[in-house]
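Below are two complexes that have subunit A in common, paired first with subunit B and then with subunit C.
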Partner chain A sequence: MSIEIENVSKRFGAFAALEDVSLSVPSGELVALLGPSGSGKTTLLRIIAGLESVDDGRVLLNGEDASPHDARQRKVGFVFQHYALFRHMNVFDNVAFGLSVKPKKTRPDKEAIRSKVFELLKLIQMEHLWDRYPSQLSGGQRQRVALARALAVEPRVLLLDEPFGALDAKVRQELRRWLRQLHDEIHVTSVFVTHDQEEALEVADRIVVMNRGKVVQEGTPSEVYDHPANPFVFDFLGKVNLFHGRIDNGVAQLGGVRLPTSVPISGGDGPAIGYVRTHDIEISRHGNGIEDITAQVRGVLRVGPLVRVDLLHAGGEQLEVDLSRDVAEVLALQVGEQVFASPRNVRFFVNDYQI
Partner chain B sequence: MRSNDMNRSRYPGAFSVQKAGALAEPLAVRLLLVGCTLFFLSLFLLMPLGALFSEALSKGWQEYRAALIEPDALSAMRLTLVTAVFCVPFNLFFGIVASWCTAKFTFPGKSLLVTLIDLPFSVSPVVSGLVYVLVFGLQGWLGPWLQAHDIKIIFAVPGIVLATVFVTFPFVARELIPLMEAQGREEEEAALTLGAGGLQTFFRVTLPNVKWGLLYGVILCNARAMGEFGAVSVVSGHVRGATNTVPLQVEILYNEYNFVAAFAVASLLALLALVSLALKTFTEWKLRQFQKGGA
Partner chain C sequence: MARSLRKNGTAGWGTLPGFAPTMGYTLLCLVIVVLVPLSTLFFEAATLTWDDFVGAVAAPRVLASYRVTFGAALLAALTNAFSGVIVAWTLVRYRFPGRRMLDALVDLPFALPTAVAGITLAGIFASNGWLGKVLEPLGVKVAFTPVGIWLAMVFIGLPFVVRTVQPVLEEFDREVEEAAACLGGNRWQIFSRVVFPLMFPAVLTGFTLAFARAVGEYGSIVFIAGNMPMVSEITPLLIITKLEQYDYAGATAVAVVMLVISFMVLLALNLLQKWSRRYAEQ
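Let's turn to the complex of A and B:
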């Protein structure tokens, strides 16, 4: 079922949580709402669920205005960041809750509820833990129970609020892969909120980047990663280096360094900032032409599979470069030595308005 | 914070052992401290309790029993029970409503309401009683009207119930508000998105989550309702066999130098206190366990 958000605004006192937000989620997709804290993403999710009212605009579920329906009637599954499992019920009763509170006419009989619950417990691989209480489960297990509980009522839409936020890194990795697989199996339209760009890039079909109550960009993961619409998105999705300077006659002079302009410069002449991802800078000992920047190695640090190199370029600004281990080992950089840095895929934003 | 609590519950001994090791005092100091505590405990708690029962039984079981089944005493007990029977359910209901709306919703004047709930704790019981005399008494605001319609409140059972309700107002609410606030609204919201109605959510999610806190509040409320002296004393009028509750009966008997009877009746209150204490300890323990287990 599709979700349509039309010009939604929401204020909490003087704070504008959402400003004129429009968004459409096609049926069957898994969409990530990505943004820093305070960007309004959770508020938007709660508005879709009917847990929060709108000041302006409306929400359409399957093309139908949802405003006359409250959270109870919307048939959306909501998974809370801190699980919100019923602490006095065991796993079975938690998952069965949504079915057992149905009005008598539509409530399945005991046996049907039982088989439905065990079917879901099988899906989350927790059949053997059906009689445990939430306090006896690990964080990842609780989150899966919360998901099964939401799925039990066969929601038209599944909404997840920072579903993996409270879990440790390893469990988070596993669970998000599992969520992706689950979505491929059951294809329920899903929206999840996250502030973790890696999570959004890995799991989602589409990413909606939000900042300060507004949608700043939406698209597939590769669209938003490779073609950020503005400096904010560039900065938020992945690590970047900044070159401060000017654009004159289509040539970038940034911090005394001349930069290549592979992508057309938007916005004409004026003060500008160039953005380069940390993995889009090549380091060599011998320059290969006009596009090189001379720089001094200030530090070399191994971070897991990558090697992070800190450079100070001739313009006097710091550069951070991520090299793969192989490349780093061949180069064998020494602190203090002079090298050449050649940036690829530099993007310029002339009117820097965000950061 | 959550995981911390879990750790603590899993290894309850770990912390205290460490503490004892690091902060251990010399044996003499420890003995002195424990001795002091025991001395004061005996002097101010155990001795009076012992004195009470020994005085009550000083002329034997027969006298003790006779003092308790004497008609005035029985009437006092009946009145005390009636008061509690009206008072406790009312404050149970009020306490749940008040804590539900203050803990789960925001509205203007909320903090004022919370402060008002505490009022009976901060006002002297005598004043609480006098307020009712001023409102319902013969010279009070509603007095003439009440008399014209032949409704008796002051110096009658309704006045006693009203005064007791006022004094025991905060017990349940005070217990539930922090508990509900700590639990937040997420579980209720989850129930809502799963299709549960307001009543279903209340009876299946909210109430089970606070049941031990609620019971705890009810026990305290009941103990106070049965033992209240000041406010009731002002509005009761001390009519023997009619408007005397157990605490008032004790006072009257004592003033008449009828010590055996006074202490016999008082021993009932003491027993009530002991039972309340036991129940209170049990529910406290249950409550702590429940909170520890909270996900």
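Let's turn to the complex of A and C:
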């Protein structure tokens, strides 16, 4: 079922949580709302669920205005960051809750509830733990129970609020892969909120980047990552270096060095900021040509599979470069030595300075 | 002994000074404050022969007083559990002018000398009192009947339930209610199946405290009860009466029975309490 959000605004006192947000989620997609805390992503999710009212605008579920319906009537599955399990009920009763509160006419009989619950427990691989209480489960297990509980009523839409935010890194990775697989199996329209760009890039069909109550960009993960619409998105998705340079006659200059750009530069001459990802800089001892920047190695640090090199370039700014281990081993950089840095795919933003 | 208890009873070295001093202090307190006074009761009662003892504690008038005391206390604690939950709910869930005043008012029955409460209640509910004037023509007699006993017990017990339920409601995770709503639960289902079970242990604690207080209450009840033997005479009054007649042994015998009944009820409530929290982390 599709979700349409039309010009929604929401204020909490003087704080504008959402300003004129419009968004559409096609049926069956898995969409990530990505943004820093305070960007309004959770508020938007709660508005879709009917847990929060709108000041302006409206939400359409399956083309139908949802405003007259509250959370109970919207048939939306909601998964909370801190699980919100019923801690006085065991796993079975938690999952069965949504079915057992149905009006008598539509409520399945006991046996039907039982088989439905066990079907879901099988899906989350927790059949053998059906009689445990939430306090006896690990964080990852609790969140899976919360998901099964939400799915039990066969919601038209599944909403997840930072579902993996409270889990440790390893479990988080497993669960998000599992969520992706699950979505591929059941195809329920899903929206999940996250501030973890890696999670959004890995799991989602589409990413909606939010900042300060507004949608700043939406697109597929590779669109958003490869073609950030503005400096904020560039900075938020992945690590980035900044060059403070100038544009003269459509050519970007940095301390006399011409920089290659990934897209043609439009707009007038003047100061501009170039953005380049940390893995889009090549380091060499002998220059490649005129697009090299001379720099000094300030530090070399191994971080897992990568080697992080800190450079200070001729323009006086810091550069952070991520090299693969093989490349770093061949180069064998020494702290203090002079090298050439050649950035690829530099993006310039002339007007929008702010991050 | 202490060493083996420490090994089995606690999880190694904590922040507090340690097992020996804290356990020692606890025992000392309980012995001086509770055990010594109560055991003298038993010694005093033991001066009676078995037949005298039974005669003292099982006389029809005494049996009737147990029924009145424990029956009224149970009803009063139930009433308090009900109204205490509503008062706590109102104070926690809603913001309205005068909320703080109302909140402070709840504790007043604690602060008031019980005799004052009794006289006030008797005054109001007597046939010429404010409420008595209205109720009596309707056939409801409160003052000088068992209903008056119940009322006095409700008055002194209310703060217990409110004050035990309030913090639990304040810390209640609203997301749990939201989750229940998203799953299609209506208000009543959310309350009866999610909110109430989670506050039940606190309600039970409040109920237990209110019950214990009501059983032991004397000051406020004697003024409004009428104290008619077999009808509205409470056991504590009977004990006082016996004391005034210099029947120390008889008084303590009745007291011992009261103590044993109270202890058993409280023990049962404690077990129920434990069962109601069986889902909590072990």
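List of remarks:
By definition in this document, the second predicted complex is superposed on the first by the 349 of 355 C-alpha atoms of A that agree within 3 Å, B and C clash if a C-alpha of one lies under 4 Å from a C-alpha of the other, contacts with A are read in each partner's own complex, and residues count from 1 in each chain.
The definition used in the following text is that a contact is a pair of C-beta atoms (placed from the backbone, for glycine too) under 8 Å apart; a residue touches a chain by one contact, two chains touch by 3 or more.
None of the values given here were measured: they were computed from a predicted structure.
When both complexes are overlaid on subunit A, subunit B and subunit C end up clashing with each other.
Legend: residue contacts after superposition of the two complexes on their common chain; A:247 is shown touching neither subunit B nor subunit C. After overlaying the two complexes on the shared chain, residue contacts for A:142 are found with subunit B alone; subunit C is out of touch. In the superposed model, A:72 lies in contact with both subunit B and subunit C.
After overlaying the two complexes on the shared chain, residue contacts for A:283 are found with neither subunit B nor subunit C.
Subunit A residues 49, 51, 70-72, 74-78, 80, 82, 84-88, 97-98, 101-102, 133-135, 146, 149-150, 152-153 lie at the interface with subunit B in one structure and with subunit C in the other.
Those residues of subunit B that touch subunit A in the shared complex are 6, 186-187, 189-197, 200, 204-205, 208-209, 290, 292-295. Those residues of subunit C that touch subunit A in the complex are listed here as 173, 175-176, 178-186, 189, 193-194, 197-198, 279-281.
The part of subunit A that touches subunit B in the complex is made up of residues 49-51, 70-72, 74-78, 80, 82-88, 97-98, 101-102, 133-135, 137, 142, 146, 149-150, 152-153. Listing the residues of subunit A that touch subunit C in their complex gives 49, 51, 70-72, 74-78, 80, 82, 84-90, 97-98, 101-102, 133-136, 146, 149-150, 152-153.
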